[in-house]
Amino acid sequence: MKIGYFPGCSLGGTAKEFDISLRAVMKALGVELVEIDDWSCCGASSAHASSHLLAVSLPARNLLLAGQQGLTEIVAPCAACYSRLVIAQHEVANDAGLKAKVERAIESPLPAGEIRILNVVQLFERIGPEKLQAAKRVDLAGLSIAAYYGCLLVRPHEITGFDDVEQPVIMDAILAATGARLVDWNFKTECCGGAHSISHKPIVTKLSKKILDDARQSGANVVAVACPMCHSNLDMRQVELRKEGGHQDLPVLYLTELLGLALGLGRKELGLDLHFVRLPEQAQTAPQENRA
Amino acid sequence: MKPAHAHEHTLVDDINELTHQDPALCYQCGKCSAGCPIREFMDVAPNKVVRYVQLGLFDKALQSATIWLCAGCQTCSTRCPKSFELAAFMDALRELAQERGIEPSDQAVYKFHQAFLKQLRHHGRLYEMGLIRDFKLSTFKLMQDVDVAPAMLLKGKIGLFPHNIKNREAVRRIFKNVETIEKEEHS
Amino acid sequence: MKIGVYICYCGENIGRTVDCAAVAKACAELPGVVDSVDYKYMCSDPGQNIIKNAIREKGLQGVVVASCSPHMHEKTFRRACSDSGLNPFLCEIANLREHCSWVHEDVPAATRKAIDLVRMAVEKVKRNGELEPIRVPVTKRALVVGGGIAGIQAALDVANAGFEVVLVEKEPSIGGHMSQLSETFPTLDCSQCILTPRMVEVYQHPRIKLLSYSEVEKVEGFIGNFKVTIRRKARSVIEERCTGCGLCVQKCPTKKAPSEFEQGLAKRPAIYVPFPQAVPNKPVIDRNVCTHFRTGKCGICKKVCGRDAIDFEQQDQFVTEDIGAIIVATGYQLYSISKKPDDSAIKGYGEYGYGKYPDVIDGLQFERIASASGPSSGEIRRPSDQKEPKKVVFIQCVGSRDEAKGFTYCSKICCMYTAKHAMLYKHKVHDGEAYVFYMDIRAGGKMYEEFVRRAIEEDGVKYIRGRVSRIYPSGGKYIVKGEDTLAGEPIEIDADMVVLATAMIAQPNAQKLAQVLGVPYDGYGFYQEVHPKLRPVEVSTAGIFLAGACQSPKDIPEAVAMASAAASKALVLFGSDQLEREPTVAKVNEATCIGCFYCQKVCAYNAIEVKEIRDRKGNLVKTVASVNPGLCQGCGTCNATCPSKSIELLGYTDEQIFAEITALG
Amino acid sequence: MSESNWEPKIVAIVCNWCTYTGADLAGTSRMKYQPNVRIIKLPCTGRIDPVFILKAFERGADGVLVSGCHPGDCHYNAGNFHARRRWMLFRDLLDFVGIEPERLQFSWVSASEGRKWVDVINGVTDAVRARGPFTGYQAINKEFVAHE
């Protein structure tokens, strides 16, 4: 299997381990990732705050490049990139006037063929749970995972058509292949305020705390994410929360890292040492603690 | 309060053009505000921003910090009983506020977006170190995140130097072309 | 030919968009038109007199009235014609209002169209023939479908007027949703106290034949002459033998089925009577649950029954009834917030948990909790742990006025019953707090607004204007996230129980039944009346009347009033021995008919009979088709099918329609 | 009429119970649509003889709409079903005669679908306007003359 790859800016920086673990897991599963040549930023999360046309044109350039490369299916692991790409695709398909302007802005007609854009959860859905099951080497019975979808994976539902918009379950189903327990919790799709990570840290810290607290109260000992912004918020903000006192660390891992552990890949291969809050060495296979 | 006349071109027409939805759709149930994760930090409830637009009190809407604080998570749009895309509406108000030269009430968010787009325009991709530097310089919040950034640096998660794309010119031209098209439309 | 044309301004309704004077002037030039007049209100007495006088003075042979839709005033103008001695079927209507002035804005274009419409009608009316009404007998017997309060009221009204009624109820007992209610607004009458006597009256009425646990299967015929087939579902209990002693119910070892009557809040046995006051008070076996039907074992009920009334072998039975009028009173169901299939136009409420939180309940469940006969004997207990909730949040407009979930309309009764619920709660839990989230309070009705104010002012219910965005469980409580849009403040309440005023929606089988009955329905499955103001209980199929919430959401007083209205419509019909029917029926030209009987094959009413033509000596010359005008409904399918053009629909003959088309201009 | 201000002429043949009433509802709701349509009311679409449609084209109609009750909702139980069957056969015939299928449309509009009626009429009018005037009527005319 071969699939186009749009890493997005974060995966080259703050979300390096997402890129590392995705590539490692895909390699283990025999999936070839073909990076879009000379891709550029999708504009999230600032272009749509200043110009609608810019917000559609920036992703459009990448769709154009993907089309020129003959890619018909691409994965955008960053939820924000995924969101911008699918929205741009939807908008040009449904608004001929906008399409004309976008084509003027990128100085080229858009590719005629349909390019299917997948988020990282859809990628694993596409690969299939059987394949994951077959490649599984380690049982993560020690983990109770709160699968965190964040806001941009499922919304807007009319465009993404992905999972249930309020009570999503697909990431849970994929992670169940690791042998871990998935907890039912309240804030699967609650926003962490990712866009304000730099501009309004106190807001983001507060929102992150709420999400982490509910995950813990629901019995989770690890949070799974599929978005670099969610990750940097939930992981990094625990540094502040520790200072505030009364905080208990809760490791936040990318979906790909958890799957990688189950496939028997090493912690280093998956970039696990890059997190602020470490997943304890023994956690993954240790017998589950008693939960009330 | 002076209600706008139906026939003169107002902010409502601009919003309609950008979002393809009429603010009159909103029946002010407040479900958007009820579910908004940022609500407690806003000066004006999101439903009230729509109300201001409905009443023709455009300045009040455009001067609110709410339009800048909206994180674009679309919780409101998803749950709206009228399927009103409030997140897109907020995007439009931000764009229109800038177009009208209205001083953004939340400078931090505004400066962040400016810094972000600047990186993008220069490098074709986000240069995170540059973003943080520019943002700090513009907001004088020099100390914030200082403790986290070096850790990021040590972990190799933030590069000291930008990753330029090969065809930086292409991205710059997109910015230019968008500006030209928008200028044409406003004249 | 002498044709008169009469153009109505309808005040400004037509006159604003159509230049009526110009139309009159243009039409005066049409061949055959000898009189062309415009007038402010043609349907008024002076307006009608213009037509009547012209018929007499000018000897008109045809009249065209250019006015509102024929569905509105065709009868009026036809009567005016016949008053002056012109056969009423020589009058045609050109629809200038609904089809022209109201839907167009450009005056010259609308005026041109108006002239075209009149010209078409003129050409048609020239070819109209004189027709005489057809008389058919009336079966003075009513069918009432649905045994809720509306059906009960309609059945009693018709029966008390001296006519027989067949009352069909799909559940094992009559009573409907009203039997589940605790108290009723705005008087706080005990619902069962006022309903039970009516149910008993139905059961004991000599002229009411009650068929419970039965459904309408097929309807044939037409007004005054319906033949209705009813499926009597197998009860597994022989009603005539059963005394309703209840021993079988007591002894049934299977007691785990969720009770429909208690809205799933309590269990019932496999053989059960829905509730103690049920009418008829005869049990029914739920074959999906019963051990005997699942495994062939058990049979305890049969053993303990002293009257040998249990019949495991019973099959569905079909009975047919001759009926003159049908009253449809099939009621409503409550919308459920549960997850719906992905392709469904109706969505559930994931943000309220899709129904997975046990203490987030709907209005009917709260009725059972508050009811003295309910699972907690009227003490307010929440379902999960039977504790008394100290903080209860009521949320209005769940599913209603929410087009994203599928329903744009207002369910009308929720404002009132929510106020009642909050009030009942406060009366029973004095130290409890009650919150109501609402969008608008719609309390139009006698003593309704006062009732809501009482809840707020006397009982201290806190009303918060805003929709709730999210409900989620936390530490044994439910966090309700809302916004007070009046104060502009976000609100979070940690409630012990949440009651959702979910939308009143059409019955799940409403569409199927509508097709059996031939009743039109709207996009939501509610049955469509002929005219929302002036003919609210009739449907376009003559002889069928609507009562209660099958037409749109209604409270009890409205449902009862509508039921009496429907009953009176049936009684009007029963007031005559014969019925006049429109003579627009098919007619065979025996000379050209070749006897192929294609017409018979396509006729849905068995109205085509075989007629033998014999010569004077009695020798068979040929067989031809013949129309029974009592059965023919005038659809004209035979006319379009006939290969030899030997059968014609009077009023819509090929000649008339060709003339209309030719006049297009 | 000159080329530039040509307006299409649309004939709508509709049933009395569903579509005619739906069109009434569009009126009572004061919805607006293009004024090109002329309605011919029949009790049921089952009454429609395909020759009516040919006749309309022969008399200069540029487009014809046939509209009745939704499947299963026919006031006469099955009239629209017969109409539909007849229609299937007739459509091929039209194609054969040389009338573009876009000029003839079939829809279901119920008594409660005022909005749909408006959309259907505007849709047909726009589609036919895009096609331009129907000029094949002389040919049909000849057929009629030969037939009669």
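List of remarks:
Going in written order, the chains are labelled A, B, C and D, and every chain counts its residues from 1.
Note that a residue touches a chain if its C-beta (ideal position, glycine included) is under 8 Å from a C-beta of that chain, and two chains touch if they have at least 3 such contacts.
Just so it is clear, the structure is predicted and the values come from calculations on it, not from any experiment.
Common neighbours of subunit B and subunit D (chains touching each): C.
Compared on C-beta pairs in contact, A-B and A-C come out with A-B as the pair having more. For this pair, subunit A with subunit B, the centres built from the Cα atoms lie 22 Å apart.
Measuring from the averaged C-alpha position of subunit B to that of subunit C gives a distance of 50 Å.
The geometric centre of subunit C is 30 Å away from that of subunit D, both derived from CA atoms. Across the assembly, subunit C contributes residues 351 that each touch 2 or more other chains.
For subunit D, residues touching at least two other chains: there are none.
Residue positions of subunit B with contacts to 2 or more other chains are 75.
Pairs of chains that satisfy the touch definition comprise A-B, A-C, B-C, C-D.
Across the interface of their complex, subunit A is touched by residues 18, 20, 37-38, 41, 68-69, 71-75, 77-78, 85, 91-92, 94-95, 98, 106, 108-109, 111-113, 116-117, 120, 124-126, 128, 131-132, 135, 139, 144-145, 147-148, 151-152, 155-159, 163, 165-167, 170-171, 173-175, 177-178, 181-182 of subunit B.
Subunit A meets subunit C in the complex at residues 164-167, 186, 214, 217. Those residues of subunit D lying in contact with subunit C across their complex are 9, 11, 17-18, 20-21, 23-24, 26-28, 30-35, 38-44, 46-49, 51-52, 55-56, 59-61, 72-73, 75-79, 82-83, 86, 110-113, 118. Those residues of subunit A lying in contact with subunit B across their complex are 9-10, 12-16, 38-41, 43, 45-55, 57-58, 61, 95, 101, 104-107, 151-152, 155-157, 165-166, 189-191, 193-196, 198-201, 203, 207, 236, 239, 273-274, 276.
By the touch criterion given at the top, residues 27-36, 39-40, 44-45, 47-48, 75, 79-83 of subunit B touch subunit C in their complex.
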